[in-house]
Amino acid sequence: MDKQTFDRGLEIRKSVLGAEFVENAIKSADDFNRPLQELVTEYCWGAIWGREGLSLRERSLLNLAMISALNRPHELKVHIGGALTNGVTREEIREVFLQVAIYCGMPAGVDAFRTAREVFAQLDQKV
Amino acid sequence: MDKQTFDRGLEIRKSVLGAEFVENAIKSADDFNRPLQELVTEYCWGAIWGREGLSLRERSLLNLAMISALNRPHELKVHIGGALTNGVTREEIREVFLQVAIYCGMPAGVDAFRTAREVFAQLDQKV
Amino acid sequence: MDKQTFDRGLEIRKSVLGAEFVENAIKSADDFNRPLQELVTEYCWGAIWGREGLSLRERSLLNLAMISALNRPHELKVHIGGALTNGVTREEIREVFLQVAIYCGMPAGVDAFRTAREVFAQLDQKV
Amino acid sequence: MDKQTFDRGLEIRKSVLGAEFVENAIKSADDFNRPLQELVTEYCWGAIWGREGLSLRERSLLNLAMISALNRPHELKVHIGGALTNGVTREEIREVFLQVAIYCGMPAGVDAFRTAREVFAQLDQKV
Amino acid sequence: MDKQTFDRGLEIRKSVLGAEFVENAIKSADDFNRPLQELVTEYCWGAIWGREGLSLRERSLLNLAMISALNRPHELKVHIGGALTNGVTREEIREVFLQVAIYCGMPAGVDAFRTAREVFAQLDQKV
Amino acid sequence: MDKQTFDRGLEIRKSVLGAEFVENAIKSADDFNRPLQELVTEYCWGAIWGREGLSLRERSLLNLAMISALNRPHELKVHIGGALTNGVTREEIREVFLQVAIYCGMPAGVDAFRTAREVFAQLDQKV
């Protein structure tokens, strides 16, 4: 493990997904999934999100599109929250998912919209 | 068909993919694939790309990511060209495809990089 | 938007999925997902389902197969209901999903059968 | 192996894909891929295509849609030929692939159309 | 149906997934899904798992990887249980899913780990 | 970058794929794809292949299955070669791809077999 990349990853991951969420994920890790937590932190968040060349906002746009295409609703929820944090508006999320509907197919678009509405409903309830 | 959406789509499609390429695609269409050409022009390019809310540059970023995830190299080539036209730099395409490698898996990343290098080689030869 | 295509799409959508279901989907739409509802209605149901060349029954068969392949259980449920409305029998749905099992892989077949049984159980309970 | 299912599969496979093509596939099989040839013949063509409940024409429609969704152009070519043999017209293949474009996404539709045109060009050259 | 392959499949299926689970699946089958149950038993478990050339343990490793890639959590749960029965340890399952994370993408890895933890929690509760 | 993980990755990558192949990939890298080469070497080959818990032979089996499922023939070729180096026999590759045919669908199996035969033909020609 590259300590510097890991630390940079941890910092970005917390700033995008929320410190509490990330600390919880790491604290609740056991021997089984700790290597995954470390890989995600170092590799996704340190080695990729930590790169220059695209803004955090642009990286969030990419993830919304890719994770919809990959059909992974759990991760999509996490990254819808992250996108809002990174300055992507709900209107822009709508635009991404309309483009998903055309390029990944209508069922992918319908699923992405339903997932987004669930996230928004949870957020609006908290306020 | 909504003539206004179609015309707007045709204009955007030409500006992104090149007038010659698009006119060729439409001219070479026969009875079999003409309905597809019309669908692509009206719905992809008119009804989606023609929307406000995201810039052409951002829509190109999304397509690079999604079409890599969908494993469609022919269309990826077309949209790498389009992305360059829309102001995405080669360095930014690299960033998108590194993020593809992490979220869609290493083989998806390797394939996207190979496709991009083929497009760049063709472009560099033309000059 | 092409009003004529939209209206034709709305009519077909209601006749396949049920007027109440569709009216509910449209009524419960907010600013966020209204553009998706319109796209689905005009584009899926007007521009494609509204075409001649294949019967509604045949289009339902295609959707059962494709949506199973795409791994989208929410939409699959909707289209199992629509297929029954379009005259596809439960025995024919079984045949489609056995073919899915061979061509898309056994887990895709197992999932499609489980989804169908859930839909059938709901329908049988209503009676 | 169930000899009866295998023989029935061989007969259907030949009638759909052409006797020459199938005999060639079986004759050119070596120890490495002979078990696959047998599996394909017995299970795909005997145990599934040999079932009643859907016509050969309908099974061809399903395969065109599924194999497009699965992104497998080699097999798609084979089954476009088979669909024509089973009485699916070129106009109907067009309808299937327009529906693919909507439900599996535009790049899937574009690829399916290109593949079909390649098959048609080969067939038209033979005449 | 090949009775011998079916019987061999039934035996292996029971030994991997548990006699009670399999008998339940077969007993609860109705006219709708009985052909699937037979296909799975004969074809998956008899014709493939019943082959020599790879051990049951190795076939379980393959299934963990493939079913993660295919994004089918229901079947993944079943095969995590089967893998444990076939002598794959929890530490080895972890290794498989870390490799999934790299080759199929991080969201596939995250989902596979979550599914495994659910299975482990259920098993640990039973004891 | 973690130099130790990178070096370990480079060593394993060379031992599996061949020193010449890997040195060529690295030497021919330009500014565009060098970060990918480094990512592949450090993370795939160092952080994952370099882990204990599964043998190189078992990791090759997993990759054959996953990369077939992911529909990435270029990478599949590379990993068929690597699997042979890691002690997987051609008969065992056949077993993997028969299992792919059942779980990922027949077209995935057919494509994997064709790819394997191409690799074997190239290897046999070299001798």
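As written, the chains take the letters A, B, C, D, E and F, and residue 1 is the first residue of each chain.
Basically, contacts are C-beta pairs under 8 Å (C-beta built on N, C-alpha and C of every residue); 3 or more make two chains touch, one makes a residue touch a chain.
It should be emphasised that the depicted structure is a prediction, and the values quoted were computed from it without experimental measurement.
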item: Shared interface partners, meaning chains that touch chain A and chain F; value: B, C, D, E
item: Fitting chain E to chain F on CA atoms, where both chains share a sequence, rotation angle to nearest 5 degrees; value: 180
item: Pair of chains joined by more contacts [C-beta pairs], B-F or D-E; value: B-F
item: Listed pair (C-E, B-C or A-F) duplicating the D-F contact set, over half by residue number; value: C-E
item: Separation of chain A from chain B, taking each centre as the mean of its C-alpha atoms, in whole Å; value: 24
item: Gap in Å, rounded to a whole number, between the CA centres of chain F and chain C; value: 40
item: Whole-Å gap separating chain A and chain C, where each centre is the average of the chain's CA atoms; value: 30
item: Residue list for chain A, restricted to those that touch at least two other chains; value: 35, 39, 43-44, 47, 51, 67, 70-71, 94, 98, 102-108
item: Touch-based graph of the chains, sorted into line, ring, star, complete or other; value: complete
item: Of all residues in chain A, those that touch chain B in their complex; value: 43-44, 47-48, 51, 53-54, 58-59, 61-63, 65-70, 91-92, 94-96, 98-100, 102-104
item: For the chain A and chain E complex, residues of the former touching the latter; value: 32-33, 35-36, 39-40, 43-44, 67, 70-72, 74-75
item: Residue numbers on chain A that touch chain D, as the complex places them; value: 102-108
item: List of chain F residues in touch with chain D within their complex; value: 71, 90, 94, 97-98, 101, 105-111, 113-114, 116-117, 120
item: Chain A contact footprint on chain F (complex, rising order); value: 1-2, 5, 35, 39, 43, 47, 51
